[in-house]
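Below are structures written as structure tokens.
Two complexes are shown next, each including chain A; its partner changes from chain B in the first to chain C in the second.
For the complex of A and B:
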């Protein structure tokens, strides 16, 4: 549905960093940590479309949604909204280019102006249990926006509440009931009715169905779609479930650690080419076919902490297609394992944190000096899935040096050996958005000009899904 | 075996079946039980709890008797004409000096021949009204103070809570004593003295609750709708955080009554002749152990002391019942679903 009209809501390098609040002493000593929840996000939302935002837990989806409405103050960047001017004839946004709409920068708007704009921009919350005040009746909950903005009072107010309840598929006679008398799905409908009360243009839906049963999820999704059609709403739909997003979105943005990895229409996201992260997410969608043998890509390790996000491409610590350095001729899985080894050595303080010791290695656990060089070599290669000998000789000699260092002088010496020799371009270069089509952008070095040849085999197994870590 | 997705289509996720379902046919449709509001809950809990009901009856009788003990007139207009006590509580020599309890003087008379029954019943006016007024004032101020502190947080919270720490650092009764000594006794100075130290507890209680309540998404939802901070605090935050304050207020009425009596017993507070429970005790304190000339006029101190004891204990029992009623709050929030 994304037409070639002007966007209704867009951001320019929107950034939200949280500063961890330590105690008084910590503040005095300047011991502060910054959590980079959202980093330089630029997005565009067109009238009447749904933009899905997907990503793992903790990647900043909710922060983005709230920063968009200034429910939390963005650290940097701007949010713009194109407001319908008063002289426009009808409430439906006629796609006349320019003309009847006024461009407003939300960031830096005074609180009273912002309060007026709350009638255009609304929010639906994730948890239908905590998003409704248990001490107010449903009528009062839905009526609150009407009171705040002076939209209706007295008999009008009651009529409007009944109308809204009817719109979202609830019985208008339930207006005097309290939220705890309703089921989760019904409560979410109440939350939707509350957002609709001000007749908004844009609704940000923050995982509106993730707290609900699957059958109820479908009802709510269908309701949202119907409402979009009826009132010509634009949605930003935040979710962590790709199948939900596929169902409702016109365009999808894939988010990783506070940045968009890939943006495109739903068809573009679900078909080649992919960002490696999108590829992993797509492979994780459950398939009901018992005879299906598709390979699931398992991402290794944890999501890195947004306090100190990885350099270069943020995904390089887990990317199955991370680009090998040009000087070595390594298989993709080997390189992935080597890089993982390097990253883990960086974190580790002791050898025992790197390798898994079995029952028979009890004496080693007590006294690490009894670990032999050969045993350690075997353990490290087992742990990280490295072959007994790497396919590239230069790389192999560095690896065995590193293991010797690890054996003789500990993790820090090993780190020093590894640090400068195994460097992926992904660690040093920030990926820029590569445009595959006017609506499809991917932030990955593999898709840029410089490295697309560097890993031809990587592109190749994009087609066949082999060579990556595969479920057995 | 195939690696291709989508060979099996799941129906029911985006078909018309969903539309055909009656979205309202869910469990709670059938349950039409009326909601029990907070006050209904407290009342029903007190009625069910016999002990609490007893306490409530005692407090009600004492309060009513104190109210009706003598006529009340404000600015020359009589607003309460009844006067149920047999004698004027301040009139001396209505009976013999230290007359023992009898039919005409159910609680005996004191050293000046005043009727103790009349004095004790009327004395409830001072103690109970101070208890109520102090609690109302302290709770109101404390709730607003604590709400601002908890809701806005950050530096505001830091400053307000340090001020609170200072208030807490003063020993309450000693501070009240100093204030009464400085400004003299009487009703309003006493109210002021107790309210000045009493509000801090409420502020701290509600602040803690608000820190919890403001995490709820409905607070953010109200902000997203454009509600002002004032509306958010009074409409969404305080109603959901007030329960422990109600409990604390009920319990503290008794504490204030004891405090007033203690000041009275120390000779501060009201004028010596005032029929306030603590002041009566102070005036008759020499009869506590042995009376003059080997006689023990026990009634002079036992009855006022008993009134304090019975009133405070009844208030505490009611407070416990209120606590029980509001503790079950979890049943009513977040239940169902």
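For the complex of A and C:
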């Protein structure tokens, strides 16, 4: 590991929004939708370290990785890279504390300048099957970056290819073979050799092992670690598998809906305090131990659409620790259920979308007017895991009114009743990063000063609350 | 009598390069209501075994020999129409990729109702009722309205739930789940596994779970079979397999998983990769990758030997020359259970 304390690659509010391409009429009417894939991400990568980025599918991990290298053009924000200045003169030199390095803003570079910089910044792709050209021999795949950047030709080129194949643990005599003659693990090694060909400083690894078997996965992870030590590489390691990320990373960023929920060193991420999302992710890893009986936290619902992300804290629609409003004295699971009820009423057009009718309600299915107020009350409480009476009287009377509205005037009236009264601070306030240590930031209101007292014990959740059951 | 009994099953594929023996003389049994795991790397023959149970092996593949007894009746001797009465009815399957398992031009509800009408002779209306009930059981909100949604309107986790509902629709005796959670996120995976466990307990369905993820096996299964190059190399109850593995390949698999909380720098690996099944190594098929291989391993093919401790010795068996005393130096591994590793957020667990 290098002792440099200055980051080698960093971003400033990096943002990538995709605009959905509608048809001609949609465009005419201005019905464009924006997918907010990556929102205001600021990260720092230090020389020789591995920064893991984890999150569920669709959270923007890959978009972030590609935007970092401008494989896709960021919408907003900047990416900076500190280049060793003896390589080539930079058009906009700025003094850097490192002395021998200079700062370059990647986002403003011309494409030819950017291409030169690709000798320092490389990418390893997820799928070892589609990321290698099937018509080129392995030697040519690895030799291509050498040709493009004019690094070596003739005898030197061949030597370099053989050396690289040897470095990644492949037989140099296989240079004339085609990709289909190799197994998945070997192909991933070819991808790694190609990235190493230009002697880079930073490699972005996008799920490099998720397509591989466990025994091969271990080989590739070990190889990446060996190479890091040998060439002093810095990795950004994108993955969805937390145990893999834990193994290889020095620091980890947990991503949710295009934003970092928590950033910290590996030890900090895996120990208290947690962001509630991290906590749920950690609890869900299946442990290879039949006697292990951990509490799994099941997040309810789906990841919200990045087209219209939730207000305030983006995780509030699923968070098991969402903060109750100060005016009510509610148990955490009750509050979670109420908020879920409110969010679903917002989406629903009809009563039947909210509750599940059973066999005995056959007549109601045919004619909704036959649904009685009491029956609806029971169904709603059943569906959302609410007790027959809430522990807070004020909250109970609002809920009762809302169910009456739902019964008499439909979902929109019910929505209006709920919308103003049940409001979590998490819905209205954007969480800021709270620094737990110089390296550990959590974006959650529970960790700020205003609400830290409200932090409830997650273990209070009872079995009977369907929404977010913590299993024993 | 065991519910499902597979005896000496051999399946080969006749390809241009040669004959691939994907499943080689495989035998195992599954009891009623049991959760049976099949573990191995890609190419070990897990999926081919599963497809054989449903007689879904297509040309150039062929079931060469063996028998598959469901309640004593041999599936391999049945006529096509008899097999069709078994498929989806008594043996159902959950496929790895829910998106391709569902037909994109039929609604979710119709696809499930079709199986119910066909196998259980329900009329249109009753099949619909039953489908809605099933969708509700697998946790699809607003099942009534989602009945008429198309597969693309469901998220990945919901599609997998719908496929589970379809598999359970005729109350099967055996449910074959081929990597049911591999394509899903870890948070969704946990929910789907939990659902699968609850439902199969409720209906007392036997499950054959195929996976490469040892974490999933630990969570769900009662007994496990480890496969390598078309053969079973170890069969054991889940606890014995994890705490007292007998075959070097099982040990290799276990130690190559990165464990949360383990701070050793390097993962232990199994060198090399799965052999080409056209040209399987002589003797023990694992010997080119086995750290304890000796001269004898290249010549003698080991057989399945009972190796369990105590009264239930027959419960655990492994295919290694060590257990016929043919190895000179023995197996040099020992298993240590590191209590610290089990400590993981959120806190208190484990005995």
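Worth pointing out:
Just so it is clear, the second predicted complex is superposed on the first by the 442 of 472 C-alpha atoms of A that agree within 3 Å, B and C clash if a C-alpha of one lies under 4 Å from a C-alpha of the other, contacts with A are read in each partner's own complex, and residues count from 1 in each chain.
Note that contacts are C-beta pairs under 8 Å (C-beta built on N, C-alpha and C of every residue); 3 or more make two chains touch, one makes a residue touch a chain.
As the structure is a prediction and not an experimental result, all values here were calculated from the model.
Judged by the touch definition given at the top, the superposed model places A:272 against chain C, while chain B stays out of reach. With both structures placed on the common chain, the touch criterion links A:280 to chain C but leaves chain B unconnected. In the superposed model, A:302 lies in contact with chain C only, and not with chain B. By the touch criterion defined above, A:56 lies against chain C but remains apart from chain B after alignment on the C-alpha atoms of chain A.
Contacts of A:219 after superposition on the shared chain: both chain B and chain C are touched.
Of the two partner chains placed by superposition, only chain B is touched by A:191; chain C is not.
In the superposition on chain A, A:291 contacts both chain B and chain C. When the two structures are aligned on the shared chain, A:246 is found in touch with chain C, with no touch to chain B.
Contacts of A:356 after superposition on the shared chain: chain C is touched, whereas chain B is not. When the two complexes are laid over each other on chain A, chain A has residues 183-186, 214-215, 218-219, 222, 247, 285, 287-289, 291-295 in contact with both chain B and chain C.
Chain B contributes residues 1-5, 7-8, 10, 12-14, 18-19, 21, 23-24, 26-29, 31, 35, 216-218, 220-228, 231, 235-236, 239-240, 332-337 to its touches with chain A in the complex. Those residues of chain C that touch chain A in the complex are listed here as 41-42, 129, 133, 136, 141-145, 155-158, 185-191, 193-194, 212-219, 238-239, 242, 252-254, 256-262, 265-271, 273-274, 342, 344-347, 349-351.
Of all the residues in chain A, the ones that touch chain C in their complex are 56-57, 183-186, 213-219, 221-222, 225, 240-244, 246-248, 270-272, 274, 279-299, 302, 344, 352-354, 356-357, 359, 365, 458, 471. Across the complex, chain B is touched by residues 66, 69, 71, 114-116, 118-119, 122-123, 125-127, 129-136, 144-145, 148-149, 169-171, 177-178, 180-187, 189, 191, 194, 198, 214-215, 218-219, 222, 247, 285, 287-289, 291-295, 465 of chain A.
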